[in-house]
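See below for the structure under consideration.
Read from first to last, the chains carry the letters A, B, C, D, E and F; within each, the first residue is number 1.
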Amino acid sequence: MVSKAFLLTEMTWPEVQQALHTVKIAIIPLGAHEQHGPHMVESCDAVLAEEMGKRLTERLYPQAILAPTINMGVSTHHIRFPGTISLQPTTVIAILRDMITSLQQHGIQQFLILNSHGGNQATLGVAVDMLTSELNVRIYYAKTTASAKDVMDRRIESKMYGHSCDREVSEALYLAPQLVRTEKLEKADYQEGRWQHLRPGNPLQGFYYYDEMTRNGCIGDATKASADIGREIVETALDRLATSIKEVM
Amino acid sequence: MVSKAFLLTEMTWPEVQQALHTVKIAIIPLGAHEQHGPHMVESCDAVLAEEMGKRLTERLYPQAILAPTINMGVSTHHIRFPGTISLQPTTVIAILRDMITSLQQHGIQQFLILNSHGGNQATLGVAVDMLTSELNVRIYYAKTTASAKDVMDRRIESKMYGHSCDREVSEALYLAPQLVRTEKLEKADYQEGRWQHLRPGNPLQGFYYYDEMTRNGCIGDATKASADIGREIVETALDRLATSIKEVM
Amino acid sequence: MVSKAFLLTEMTWPEVQQALHTVKIAIIPLGAHEQHGPHMVESCDAVLAEEMGKRLTERLYPQAILAPTINMGVSTHHIRFPGTISLQPTTVIAILRDMITSLQQHGIQQFLILNSHGGNQATLGVAVDMLTSELNVRIYYAKTTASAKDVMDRRIESKMYGHSCDREVSEALYLAPQLVRTEKLEKADYQEGRWQHLRPGNPLQGFYYYDEMTRNGCIGDATKASADIGREIVETALDRLATSIKEVM
Amino acid sequence: MVSKAFLLTEMTWPEVQQALHTVKIAIIPLGAHEQHGPHMVESCDAVLAEEMGKRLTERLYPQAILAPTINMGVSTHHIRFPGTISLQPTTVIAILRDMITSLQQHGIQQFLILNSHGGNQATLGVAVDMLTSELNVRIYYAKTTASAKDVMDRRIESKMYGHSCDREVSEALYLAPQLVRTEKLEKADYQEGRWQHLRPGNPLQGFYYYDEMTRNGCIGDATKASADIGREIVETALDRLATSIKEVM
Amino acid sequence: MVSKAFLLTEMTWPEVQQALHTVKIAIIPLGAHEQHGPHMVESCDAVLAEEMGKRLTERLYPQAILAPTINMGVSTHHIRFPGTISLQPTTVIAILRDMITSLQQHGIQQFLILNSHGGNQATLGVAVDMLTSELNVRIYYAKTTASAKDVMDRRIESKMYGHSCDREVSEALYLAPQLVRTEKLEKADYQEGRWQHLRPGNPLQGFYYYDEMTRNGCIGDATKASADIGREIVETALDRLATSIKEVM
Amino acid sequence: MVSKAFLLTEMTWPEVQQALHTVKIAIIPLGAHEQHGPHMVESCDAVLAEEMGKRLTERLYPQAILAPTINMGVSTHHIRFPGTISLQPTTVIAILRDMITSLQQHGIQQFLILNSHGGNQATLGVAVDMLTSELNVRIYYAKTTASAKDVMDRRIESKMYGHSCDREVSEALYLAPQLVRTEKLEKADYQEGRWQHLRPGNPLQGFYYYDEMTRNGCIGDATKASADIGREIVETALDRLATSIKEVM
């Protein structure tokens, strides 16, 4: 699907050596392994981050190279649902430190962490602060499709979305349809709780478990997802990310 | 200025013992020690967090108690300006762990970290995730006046604000005027740079030093600040914070 | 290729919940991201560990479940070759701790770390010692095909093998031929050095960089590899591993 | 009260920049947040360290600058009394490392940690050992008034003193009378116990909780305290500290 | 017993200074403190490592110097037997880091860790990987007598040996007979268990407690031990170690 | 020399098991490996701690058991003299944590750390604070002969003593004469410096290297040492330590 792009996992060392003549930035996909309700599989975020990473690397050819995907992340909120695996924030930072240190030895000085999972964002904020001064490199990070917020607002009907919802299922239907159980699509099965006072936009933030909010593990309404919505979100985000990276690189 | 409130620093142990009969939540002010341009002193965030903490504790009397203020925070962005002291994110988390562990031994199970400094937010996100499961307590956090966003949007003229700006100087003029050198108020002395692609709302986030953005260390226009603007922001935020805490407590 | 097996990355949480009725052990594939000479791509070990994991999980159905693959490992020896990424041993142990802790919360008490990369073995020895007592679980580990040592000795002609050699290329040709550049197969380009006194079987062990030993990053003679050799090694090892796990489970 | 002194918390960055032309040493006050019996508030040590710091900085003007106060310390011994907050020794060392590292970036190479709390002394001994070689700076530390030991011996009647006693209350009456509940002054309410074999001067040292020793949390006899005793202790100590610092600076 | 050798513990600093003119490698003996059945004392491994270290240092005079012995190690497997003390792998690595860092400051750049205890081997593998790149030194390690494997195979009758067995008791009878209770020699008191599937040579490795395997804490048959067998093993190993070190030094 | 005492290093596990019926406290000798001038060898502190430990354990028979000696300690001050090895304070604490944790599993709940080296004292203060609450045990510590301060004051002529001086050489002549080069006894070769303002009794404390103080690494006057002085110091201290332990045990 990806026509021409430097994918580190699929290259030999002489090929990497050759690519490093033009490469200026490494893209590190960061996902999660966590429940996505009855209609998406647990590797969803890892796969979406990798698929976005491949397409972005392709657009930035020959200046970008795609590093291996970090396929687990900080998923404490989801740990009560069967199958979720959560890394400590300190573990994610350790992985990033080791990856950046290694790639820096090969001559790369700029990094984009391409993150598909909201639960990783605070950890990335901390990681970028710490590792920038520790390692003297430039580190950027982006939520995979967050820059297409206007498209989401126009095309997503659900008032609240963000996890195994209209938006995420749409992205998956476009990028990796094998992640979706199309015959099991459900909307959120919400329940009352403390979380209602802790969502973004409220005066307080705080930790709650996802099952305090939704019995089936989804929010929004996945039955309204479509590959076409996914396509518009994804392609818009990729355009904007590619443009931004070219500006700072 | 504060009429009746449980302030832990100003109590003896028998007084604390008595207060614990009604106290349900501890409020931990978190500030920073960092440059605030030519017109505010470096303790600005620590003092504002403490002042907000006192007022909020007063409103929640006798259910809240104010813990000592953490008077330094994560200020890597400002480290190139003379006088800035920055704690590692891991240090801030260690302080919070020790404070919460100690207060938990006295019977307190709920905590609000009241943070005045944007640079601490990612660290708090991580801290709350980690410490909630480690210690089995409820932890909330809030940016001191962020819940008055609508008031800011109405009364602040500068397009970009957030550090030693119209908003922050206004809050200080109302809460702690000794922090402000009123004879030295300046607006931002911006310069071109990479930061323009990394502000909130852009596709990318990333680390930059504050002096890449502004030569004098301020943003916005502090000459337009007033105690009256400060009053409206502060009082609105305090009302909303108090209401929210009562709802979740 | 895998007919019926519990693959955690490809399941929804209700499917995991159902599987946990019979699952007694989680299999964690551990690989590496490192140079494999001019004829194999850098993800080789990660892919082989995952492929072995799938097949072993299939044989142990419905008692085993396959966890996500740890796709980087301890590759300090290879860091001087372009593209290699090496995790600190402490990072690998942190990942394992987090994975096992998470899966333990879902009721799993036995773990097999299925490792394809020699450079991870010491770290696993330490990890198993530490995590067994910390977490009170049973942890086993195995080099993916080491139990077919007799087959290797019979079918591999090279005196020294172990990395991007006759053996490893054979395994790849059988399990994941896309990893191999069949048009670029080379034998080792050895050079004299300190490493000759540090190979297994010598009185001393010690660290050396792989390029001190071989200029092209391979050992043995990959031109003698075949899918048929790979098949015999792999299938023998899978049989023996499955038998052993059933005995201890 | 302090006439002319560089107080970092009350300066803007251009003022700090100017001061750094003459500043050779930074003074870091270190206190504690812990019970002080029925007649002193819990912030006692933090406030006394800061007050001593201000006065010492004044005497060393323009060669010293006062850093923000570390307002909590190692108070494990007091944790069973309501309100006490104790930091781990490792946390205190982390704070000191971050502060010294930050100030070093502004050009300061000498540091005095001015500590008012006995429970911090061992941690400081360790911190100074570790940080001196890590950071290649000169670090001194002093108990705030310990150098006036002869004055204490002459003017304090209680045989055992050191915590919320004749000495400490006297210092507070002179430096920060708001810390003292003068209407509640009590002498120690001792009880028998293991601690009697563990006080300084005994063959053994060891950990005991303060409530094993004294029911009301004090030692000595605070009813004999006076501002005049405090004045002599404090001023003698300040003279001696200032002299010593000038000698080594 | 040792005629001429640089033993760091028995030298004054001027003597060390003199020795450093010829010394090229430091030998660090690493043992353990753990149960050795009814017929050997718990310091067995520490003493044997030190004795081997002395003899090896003598053979390498004047190019080697013997560092102090690390007299405890990783003994988790034995912790259920009275008296065993086990260090965490991270503790052993910390000790090695500190020792090597110190000796490096005196000008030594090569190190041999001479280890008598199998349970330390994985930790050493990790230590050598980490410390080599951290400290930029050359580190070798060796099991004390492992290089005499052919002698053991020829002279030891027990099929399984390795801990307080024919081999180890023989080594002790030759090197340090005071370690052996000759009147209490016993052979292993084995029992059935999971361990049978986890010994070297099996497809799986994994952790088990030693008392799952042997009730008296021994394996093999110590009644067949002799000083003569010990002599041949020890002297052969010393010859081979000395030769190897000269080759790489 | 020691008639009847439980020495853990010299016991088999069945003997330990038997001893544990009466043992109530474990004694952990802690020394150092550091320069002791031209007339004492570098293992001095480790050997003296162990010798004192043996004698004290004998006096407390059958209630005490002697753990293995920690033969290196915190010797940063001496690191510039050839041969000195210094452990980080965190390493010493890790060793103590592991030892106490292990011995606690065998049923021992009280510990005495018997320390011969002043440079370890601050670390012990921290260790005892941290480990007491972490592990819920009773931990005592003592400088080996500090309780005989009155004897020292009476019999030692040098004004300043404490390291390879009249006192320490006397102790060694009595306890372990092999440590002393009697033909090379020297008094201190002092030089002027910052250290003069940092000795105990001065207002300031702080770190300095030992060679800033004394060119030959000694203080005091070792030529005045005698085994008889050593005997009185040692025997007095042992009596007092034994009495104190019996009181708290």
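Note that contacts are C-beta pairs under 8 Å (C-beta built on N, C-alpha and C of every residue); 3 or more make two chains touch, one makes a residue touch a chain.
Here is each chain with its UniProt name: A, B, C, D, E, F = Creatininase family protein.
Values in this document were obtained by computation on a predicted structure and should not be read as measured data.
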item: Lowest number of touching-chain links that must be crossed from chain A to chain D; value: 2
item: Chains in simultaneous contact with chain A and chain E; value: C
item: Longest centre-to-centre distance from chain A, chain (CA-based); value: F
item: B-D compared against A-B, more contacting pairs; value: B-D
item: Gap in Å, rounded to a whole number, between the CA centres of chain F and chain C; value: 49
item: Centre-to-centre distance between chain E and chain B (centres being mean Cα positions), rounded to whole Å; value: 56
item: Centre-of-Cα separation between chain F and chain D, whole angstrom; value: 29
item: Shared-contact residues (touching 2 or more other chains) in chain C; value: 88, 90
item: Pairwise touch network: line, ring, star, complete, or other; value: ring
item: Chains in cyclic order, anchored at chain A, direction fixed by chain B; value: A, B, D, F, E, C
item: Residue ranges of chain B touching chain D (in the complex, touch as defined); value: 8-14, 16-17, 20, 33, 35-43, 46, 67-69, 71-72, 79-88, 90-91, 94-95, 97-99, 102-103, 105-106, 181, 184, 217
item: Interface residues, chain C side, partner chain E - complex; value: 74, 76, 88-90, 112, 119, 121-126, 128-130, 132-133, 138-142, 146-147, 194, 197-198, 202-207, 237, 240-241, 243-245, 247-248
